[in-house]
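Going by the order they are written in, the chains are A, B, C and D; count residues from 1 in each one.
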Amino acid sequence: MSFNTFGRLLRVTTWGESHGPAIGCVVDGVPPRIALSEADIQPYLDKRRPGQSRYTTQRQEADQVKILSGVFEGQTTGTPIALMIENTDQRSRDYSDIKDQYRPGHADLTYDKKYGIRDYRGGGRSSARETAMRVAAGAIARKILPAGIRIQAGLVQMGPHMVDPANVDFAHTGDNPFFCPDPKAAKAWGPYLDAARKDGNSFGGIVTVEAHGVPAGWGAPIYAKLDADLAGALMSINAAKGVEIGDGMGTGGLTGVDNADEMVPGNAGDIQFLSNHAGGILGGISSGQPIVARVAIKPTSSILTPRRSVTSGGEAVEVVTKGRHDPCVAIRGVPVVEAVTALVLADHYLMHRAQCGE
Amino acid sequence: MSFNTFGRLLRVTTWGESHGPAIGCVVDGVPPRIALSEADIQPYLDKRRPGQSRYTTQRQEADQVKILSGVFEGQTTGTPIALMIENTDQRSRDYSDIKDQYRPGHADLTYDKKYGIRDYRGGGRSSARETAMRVAAGAIARKILPAGIRIQAGLVQMGPHMVDPANVDFAHTGDNPFFCPDPKAAKAWGPYLDAARKDGNSFGGIVTVEAHGVPAGWGAPIYAKLDADLAGALMSINAAKGVEIGDGMGTGGLTGVDNADEMVPGNAGDIQFLSNHAGGILGGISSGQPIVARVAIKPTSSILTPRRSVTSGGEAVEVVTKGRHDPCVAIRGVPVVEAVTALVLADHYLMHRAQCGE
Amino acid sequence: MSFNTFGRLLRVTTWGESHGPAIGCVVDGVPPRIALSEADIQPYLDKRRPGQSRYTTQRQEADQVKILSGVFEGQTTGTPIALMIENTDQRSRDYSDIKDQYRPGHADLTYDKKYGIRDYRGGGRSSARETAMRVAAGAIARKILPAGIRIQAGLVQMGPHMVDPANVDFAHTGDNPFFCPDPKAAKAWGPYLDAARKDGNSFGGIVTVEAHGVPAGWGAPIYAKLDADLAGALMSINAAKGVEIGDGMGTGGLTGVDNADEMVPGNAGDIQFLSNHAGGILGGISSGQPIVARVAIKPTSSILTPRRSVTSGGEAVEVVTKGRHDPCVAIRGVPVVEAVTALVLADHYLMHRAQCGE
Amino acid sequence: MSFNTFGRLLRVTTWGESHGPAIGCVVDGVPPRIALSEADIQPYLDKRRPGQSRYTTQRQEADQVKILSGVFEGQTTGTPIALMIENTDQRSRDYSDIKDQYRPGHADLTYDKKYGIRDYRGGGRSSARETAMRVAAGAIARKILPAGIRIQAGLVQMGPHMVDPANVDFAHTGDNPFFCPDPKAAKAWGPYLDAARKDGNSFGGIVTVEAHGVPAGWGAPIYAKLDADLAGALMSINAAKGVEIGDGMGTGGLTGVDNADEMVPGNAGDIQFLSNHAGGILGGISSGQPIVARVAIKPTSSILTPRRSVTSGGEAVEVVTKGRHDPCVAIRGVPVVEAVTALVLADHYLMHRAQCGE
């Protein structure tokens, strides 16, 4: 069972390979009469687009999105929205060198074992290029969400280099080529990454995402918990290896006294939390606090340093992955994490409305 | 949209509240002609059962499972298997003290905000009691899986106390009341936990699970990745706040050179991996290596130390949660993590068979 | 893939065999704060209950439903509602005579071919007894639907005997043991059915269902059309062999001029239709007219007249089905058709609210 | 909730409007290593293509399908297959005349009531043009099905003119422009249809489909019955109003003695049925007999005879639908019914393999 559809009520089905003629998606379940044009989507794609700084892959893709259906006279009609991006820079280079090699950290081996066939050009379906469609769909999800919800992500760790949590200010993620929310840290990261790349190496990273303005009550027991759906969705991003909600793995080391997010009456009859260890989700349902999640993205597996591997024929081989690769894929993962978070939230918004009304 | 069904082809629907007459589940999609009786399920429930040591809740539940359908003359028939456990120790105590209180860390507030009503007795639907049915269903999942697959979990961290990874030996998890895979560490944990409890406090913990013998090829791009499904399922466990596959959050700090799981030809025409940073999953598909995941379980929120909160009427209140609570819920989370892992794997086994045959 | 769950947002999972200890279902996705008790469900079960007249099976089942979860202090909580009916009249007779026989018209052969095992006692899972849970769930669905929606079904054909459409008045379905909406026709049906039964024979029938008060706008293109979902759901009822919406099969014989449901402006700014060939559904979406569907139920396959068949071992055999059987299962199908219609409508009500708000 | 995805394991998501730039679909879940190219799909589209005789719409669409993903070096890869057909003959005529009119029998009114917006050009999403993608996907489904399964449909009734069942021979459906399995009847149909068209009228029709070679055992209780899935899928075809399995609505008039499909031992240890009232499905599972279904397609609603209606503003209006319309849409429905049947069968083939192995 292949499964390329994301979501329950807001459903995104993506298709396409790195080196096919195009990639695309179908976004189904969008409420009607939302103003929508390519101009609402393109800015998010541009953030994710490769080739914008020397810290991301030099593949040149315009990533121009086209809306093929579901929008009429500038508004969504409630019918499926098809989006497509043509692949324009599928370099017609010779892939015969990697055709039979199982590159460590890549899906070459596993696709072969599963399907007995794989499109080896640029990773085929397992290419991070697929995430462009999540970003496009995420732009639509943002328009579905009620006004006042703000989703922001940033790179808070690049390899061994972490941002001091006290310095995080998402207003700065646009100021530097790393989507880093700490401008001072960002300044130091450039040389680190240059050095890694020159070394034929790459860095992992950690992306933090926050959603402010989500009302209390979204989510559901037991198997559509907001945190469970977020975890599944974020872990489905290429190269993701860990997901945390609130204090995440750190809660394993806490005591109950420390972990309790105490509450006091607010001024306006509301509830004020004194901390947010829970990351805004209790029992699978949003509490009204900011939703906070973190995603670990492993280092780019395509590196110039030779690594031992085997061929599909079982021969030993040294793999050196040339080509245009991100030295830290976590950077371009930032807009993807934002988009996926928007998709999960919009889905849960519709789910909540279905069961509980407005 | 409430959603109490887990899985794609092997589907488990659970129901029941902590203090209702019973809890139960329906397991649909089980292949026919598998030998099955209550005796296959009960031992797993007994592992999770409360009241077995002084380190878990003293609630006394026999947790006797009954099979109500789907089994005929000792074999599964391919039709839905209904399981039920009667609640025998719903203490008829007065819940009026917590009826209107939002206990920090619990789902009281969020259920109320979502539904405008909640069964406050023992946490109602949000009680960890629901996980008994996952354990029961997990026992069936194990029987579906091909022979040779071994799923083992253990508690590797209890609050600030971690097990040295070098000492982990899952053969020892049955030797101590913590399901700890390091018997020496386990010995020290008793006094730590006693002290925390006397203090009116509790501990979080981290559970590691490993699945050996899973063949290469299970899983699927893009939104039914084995790791994404695992992450979503494990995060749906009560009190889970973080999920890691392989090196997990740590991969954010690695370089590509270090993270590469190199391969060499094995003796039998197979492939030998030299490391397992990936946790046995590449591109969402199993690689043939052991599948390794970790789950952080937050500390029990029900503690005797007073914490500030508010009532449903908006009044300030100090919450002290009396009653029979686990000082470290992560302990009883171990069989739950095992069961959930078995369910995800069995589901993917059937999914793989559907698309790719046997 | 077994699949015992019905619905998209309002999901009913049924379980149980004719001669197991009990049958039951889990109703998930019910909105919170709906007043609900067994007394809301039991009357519908009583309508379907066997043994109420000499025209239905003499099996004596109290069919007392119990609510096991999801209701607190008389109101739904938004969590799954488990219902159970104990089987009290599983006559412990010897089934060895039919154990190896493939009764014509029954699922004996097909279950055996699919699963290689079957619970032959009373048809096991393929027994019409399963429909009791649809009736129970349908009672909940009725409470979910907005006030003013009225769902009524009646038996309009019993074997060769049809009701004159001009005489149909659903107010009369409760006056006779056939749920026949024409009291005059009903009077004649008793002797017909008695004669068939004495003959060792049985009758098929056709059930008409109408839903009044459904607002325009429920349903969806393309694969969740209201009529497509109705057709699938009604065809899933035991013994159903045909489903019609509006003029149904007859539309194949119409011309476009005759089939057009003309509209004129109503007095209150609304739209008045001059006919309802469409059965209240256009393009998969309700038009505001009454929704009209018809279901053909084949004659009871269990008859005393010997029929040729084979055994599981491939031997020729003459099958005579003794026991307590309905001479016309379509009669007791009437409350089932009503219930299934209510379930489909309630599901679409929630689906519409999810996408389009209220 | 919009829902444009068909199927459980073999999932087809369609998109596109009649007068948008293109229509397309994504076919997910296809097994790997099936030889596939556009040449496998195009012949089926050509059968459905408009403008091929004077008995179908004169819209000229080449309906050239392109495969955009999921196929590599001539074989399916197991990843989603995106198909697209560009709309080349969207006549840029003025639609202002029908923009505000609710054409009787069309989805104009209901889309407007549901969404508050609609793409009125050529029916938008509700256009029968969508069925082109079902035909395309159906061609892939045929390649998934095991060899030896033969799916054939034909038009057996056109308005009041029925084919004598004794004359049905599917070998003749390609000999005439009506896909009529009785060449003699077909000869008479031309003048009938010409007369209807000249009259500003149209005809309904009934399509019969048969699937030979389906093994016993496909299907499932209770809500994924093969007949229930077929009924839902066939009823989702534009203009379908009735679906029958086997004797269909006629079973309501039968007696149990007549309806019994008696069995005798075959020569090769198999089972010989003496009749097929059941249409090859018992208890929701295939019996090994030919699967037989019938679908009623209502007459084309777009006719030149004026019909009364209202505008979106509530004014009375006479609607005359000019343009290029099929005088009997049931004709081009024949390849659609075949395709949908192939999709349902292929889905159930994979479902059976998932639960029961091969």
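Following the convention adopted for this analysis, contacts are C-beta pairs under 8 Å (C-beta built on N, C-alpha and C of every residue); 3 or more make two chains touch, one makes a residue touch a chain.
Worth saying up front: this structure is predicted, and the values here are computed from it rather than measured.
Enquirer: By label order, what chains touch chain A and chain D together?
Expert: The common neighbours are B, C.
Enquirer: Using the touch rule from the top, work out which pair, A-B or B-D, shares more C-beta pairs.
Expert: Top pair by contacting C-beta pairs is A-B.
Enquirer: Distance-wise, how many Å sit between the C-alpha centres of chain A and chain B, to the nearest whole number?
Expert: Computed value for the inter-centroid distance: 26 Å.
Enquirer: For chain B versus chain C, what separation do you get between their C-alpha means, in angstrom?
Expert: 39
Enquirer: Would you kindly tell me how far, in whole Å, the mean C-alpha position of chain D lies from that of chain B?
Expert: Chain B and chain D have C-alpha centres separated by 46 Å.
Enquirer: In chain B, which residues are in touch with two or more of the other chains?
Expert: If we look for residues of chain B contacting two or more partner chains, we find 1-5, 9, 14, 29-30, 32, 78-79, 114-115, 125, 221, 350-351, 354-356.
Enquirer: In the complex, go through chain A and note every residue touching chain B.
Expert: 1-6, 8-9, 14, 102, 104-107, 109-111, 113-115, 125-126, 130, 157, 159-160, 196, 200-206, 215-225, 227-236, 240-265, 269, 271, 274, 277-279, 281-288, 294, 296-303, 305, 307-310, 314-316, 330, 351-352, 354-356
Enquirer: Using the touch definition up top, name the residues of chain B that touch chain D in the complex.
Expert: 9, 29-32, 78-79, 221, 350-351, 353-358
Enquirer: Looking at the complex, which residues from chain C come into contact with chain B?
Expert: Listed in rising order, the residues are 1-5, 9, 11, 13-17, 20-24, 26, 28-30, 32-33, 66, 68-70, 72, 75-82, 114-119, 124-125, 350, 354.
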